[in-house]
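Given below, in the form of C-alpha cells, are the structures.
Shared between the two complexes below is chain A, which pairs with chain B and chain C, respectively.
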Partner chain A sequence: MLELAIGIILGCCALGAGCAMIAGIGPGIGEGNAVAKACEAIGRQPESKSEVTTTMLMGCAVAETTGLYALVIAILLIFLAPGRFVDILMNAVR
Partner chain B sequence: MKLDKTVRYETLYITLWVIVCSALLESVFLIIGKWDHTVLTGNVLGAAAAAANFLLMGVTVQKAVLMDKKRAASYLKISQSLRMLLIFAVAGVGVLLPYFNTVAVLVPLFFPRIAILFRPLFGKKKDRDESV
Partner chain C sequence: MSRRFKAVDILLIILTLLPLAAGIVLKIVMMPAGEGIEIAGAHIFFTIGMPLQDLPITESQVNSWLVIISVFWLCLYITHGLKTKAVTRRQHIAEWIIEKTESLVKDNMGEYFSGFAPFIAAVMALSGFSSLLTLIGLYPPTSDMNVVGGWALLVFILITYYKFKCGPLHYLKSFTEPVVFLTPLNVISEVATPVSMAFRHYGNILSGSVISVLVAAALQGLSSMLLGNLPGILGEIPFLQIGLPAVLSIYFDIFSGLLQAFIFAMLTMLYVSGAFPADDYKKRHKNKNGGKIKCLNSQ
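Now for the complex of A and B:
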C-alpha cells in the first residue's frame, strides 16, 4: 500500500511538471510572431532598426519570463516535491 | 560574430541590474540569518544563467531581424527551446547538487524581468521621452 502511495506521488509530480511545461510553448510562438513583425517593420523602415531591436529584445525577455515561471514550477515538481511529499507520507504512517 | 551596439547596451543594462538584484538577494539572506557559501555559489550560477540567457536572446534577435519573416520566426522558436533547455540544465544542477542553494539559483532567473519593469524609470532619457 505504501509503495502504491509513493508511486502515485511520483506519478502526479511528473504529470504536474509535464502540464506546467505546456506554458513553455506560448513564449516560443509569441517570440516567433514578434520577430516576424519586427522583420516587416525593419523592411519598411530600415533606419529604425535599433529602436525595433531594443523594443523586441525587451518584449522577448518579458514573454520568456512566462516560460521561466513554468520551468521553475516543473523543476520544483520534479526534483524537490517528490522527496517532501514522501517525507510527509512517511511521517504520517509512523 | 560582432555584437550589435543595441544588443551590447541592453545586455550591459540587464547584467548591471542582475548584479544589483543579486546583492539585494544576498543581503536578504544575511538579514534573515540563513546565509552560507551555498547561497553565494547558487546566486552566481543563477545570475550568470540569467545574463547568458539574455545575451543569447540578443544575439538571436540580432541575427533574426536580418532574415526573411518565416525563417526568422522559426529561428527564434528553435533558439527559445534551446535556451529553455540550457536554463533547465543549469537549474537542475543548482537544485540537485548540494553546493548550491535552491532559492538562490532559481530567483536570479527572474531578475531580467525586474530590470525591464524598472526600465522606464532608469532607462535612457530618450526612451523616457518616447514612452510618455
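Now for the complex of A and C:
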C-alpha cells in the first residue's frame, strides 16, 4: 500500500512537471514573433542592426520570464517535491 | 613601449588565478566524486551555529567570494600603472570598459544616474564571471536561487529608494495609478519585479547546466550501448561524448551566461531609472529651491 502511495506521488510529480512545461509554448510563439519583426526591421534599415539586435535580445529575455516560471516550477516538482511529499507521507503513516 | 612583463604584472596575474585554483582544489578535496548523472544543489561545506538559525556555508557562497577576489585582482592588473598617454594594451582595455559602461548607463538611465556606472559594471562582471565558472568545472553561484535572489533584493531596495525620492506620500500615491481599484495589482507587480529578475537569471543558468548534464549522460549511455563491444579499454571510452557537449557548452555556458549578465544589468538600469519620478522631483525642487535644480538636465 505504501509503495502504491509513493508511486502515485512520484508519478504525479513528474506529470505535474510535464504539464507545467506546456507554458513553454507561450514564450516560444512570442519570441518567434519578436525575432521575425526584428528581421523585418533589419531588412528595412540595415544600418540600425546593432540597436535592433540589442533591443530584441532584451525583449526576448523579458518575454522568456513566464516560461522560466514554469521551468522553475517543473524543476522544483522533479527535484524537491517528491522528497518533501514522501517525508510528509512517512510522518503521517507513523 | 615595452612589451616585457614586469614582476608586478606576473604577481597580479598569479593572484587573479589563485582563487580559481583554490576553488578547484577545494572541490577536489571536499567533494566526493559522483557516479553517473548528478544534479544537485550547492554542496554545504559546513554550518555555523547562529542564535536564530544556523548559517550554512555553501559552495555558491565560497565560489562567489572567490570570483569577487579574482575580479578584484583582475581590475588591479588592468588598471595599475596608468599613464596619460595610453601606451599599454591593458590600459586600452580598461579605458574601453569604462567608456562603454558609462555610455551605456548614460543612454539608458540619463544624466542624473551617471554615477551608477561602477555599480552596473560590478553587477555585470560578478554575474558574467560567476556564470563562466562552469568552464573550469566549478559550481556557478548564479545557478543558486539564493545568490541571485540577494542581488534582486538589492535592486529592489534601490528601486524603492528612488521611488521614495519625492516623499512617502508620493510613493503611496503611485500605487493608485492609473485608477484606484488597480492597487492590489500594482502591489503584486511591485513584488514580482525582484522575483522575476531572480527567477530569470537562475532559471537560465540552471536549465543550461541541467540540459548539459542530461545530454552528456545520454551520450554516455548511447556510447556504451553502441561501442561497448570494442575490445579492451576502447569499449570504456565514451566516444560519442566528443563534440556535442562542447557545442552545447558554447551556447549554455558562454552565450547564455553573458547574455543573462547583460540582461540583469540592463533591467537594473531600466527599473531604477523608471522608478525615479523625474518630473515631480523637478517640480518639488523648483518650489523648494526657487528654481534651482542641480544635475537634472536631461531627464
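As a working rule, the second predicted complex is superposed on the first by the 94 of 94 C-alpha atoms of A that agree within 3 Å, B and C clash if a C-alpha of one lies under 4 Å from a C-alpha of the other, contacts with A are read in each partner's own complex, and residues count from 1 in each chain.
By our rule, a contact is a pair of C-beta atoms (placed from the backbone, for glycine too) under 8 Å apart; a residue touches a chain by one contact, two chains touch by 3 or more.
Source: prediction; values computed, not measured.
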> Should the pairing of chain B and chain C on chain A count as a clash or a fit in the superposition?
Replying inline: clash
>> Going by the contact rule set out at the top, does A:65 touch chain B (first), chain C (second), both, or neither?
In response: both
> Which holds for A:79: it touches chain B only (first), chain C only (second), both, or neither?
Replying inline: both
> Given the touch rule stated above, what does A:53 touch, chain B (first), chain C (second), both, or neither?
Replying inline: first
> chain A residues in contact: does chain B have more, or chain C?
Replying inline: B
>> Per the contact definition in the header, classify A:40: touching chain B only (first), chain C only (second), both, or neither.
In response: first
> Where does chain C run into chain B after the fit on chain A, at 204-212, 240-248 or 276-284?
Replying inline: 204-212
>> Just to be sure I follow: which residues of chain A are touched by chain B in one complex and then by chain C in the other one?
In response: 57-58, 61-62, 64-65, 68, 71-72, 75, 79
>> For a test of understanding, state which residues of chain A touch chain C in their complex under the given definition.
In response: 57-58, 61-62, 64-65, 68-69, 71-72, 75, 79
> Hey, which residues of chain A end up touching chain B in the complex?
Replying inline: 24, 27-29, 31-36, 38-40, 42, 49-50, 52-54, 56-58, 60-62, 64-65, 67-68, 71-72, 75-76, 79-80
>> For a test of understanding, state which residues of chain C touch chain A in their complex under the given definition.
In response: 39, 196, 199-200, 202-204, 206-207, 210, 259-260, 262-263, 266-267
>> Under the definition above, what is the set of chain B residues touching chain A in their complex?
In response: 4-7, 10, 14, 53-54, 57-58, 61-62, 64-65, 67-70, 72-77, 80-81, 83-84, 87-88, 91-92, 95-96, 102, 106, 109-110, 112-113, 116, 119, 127
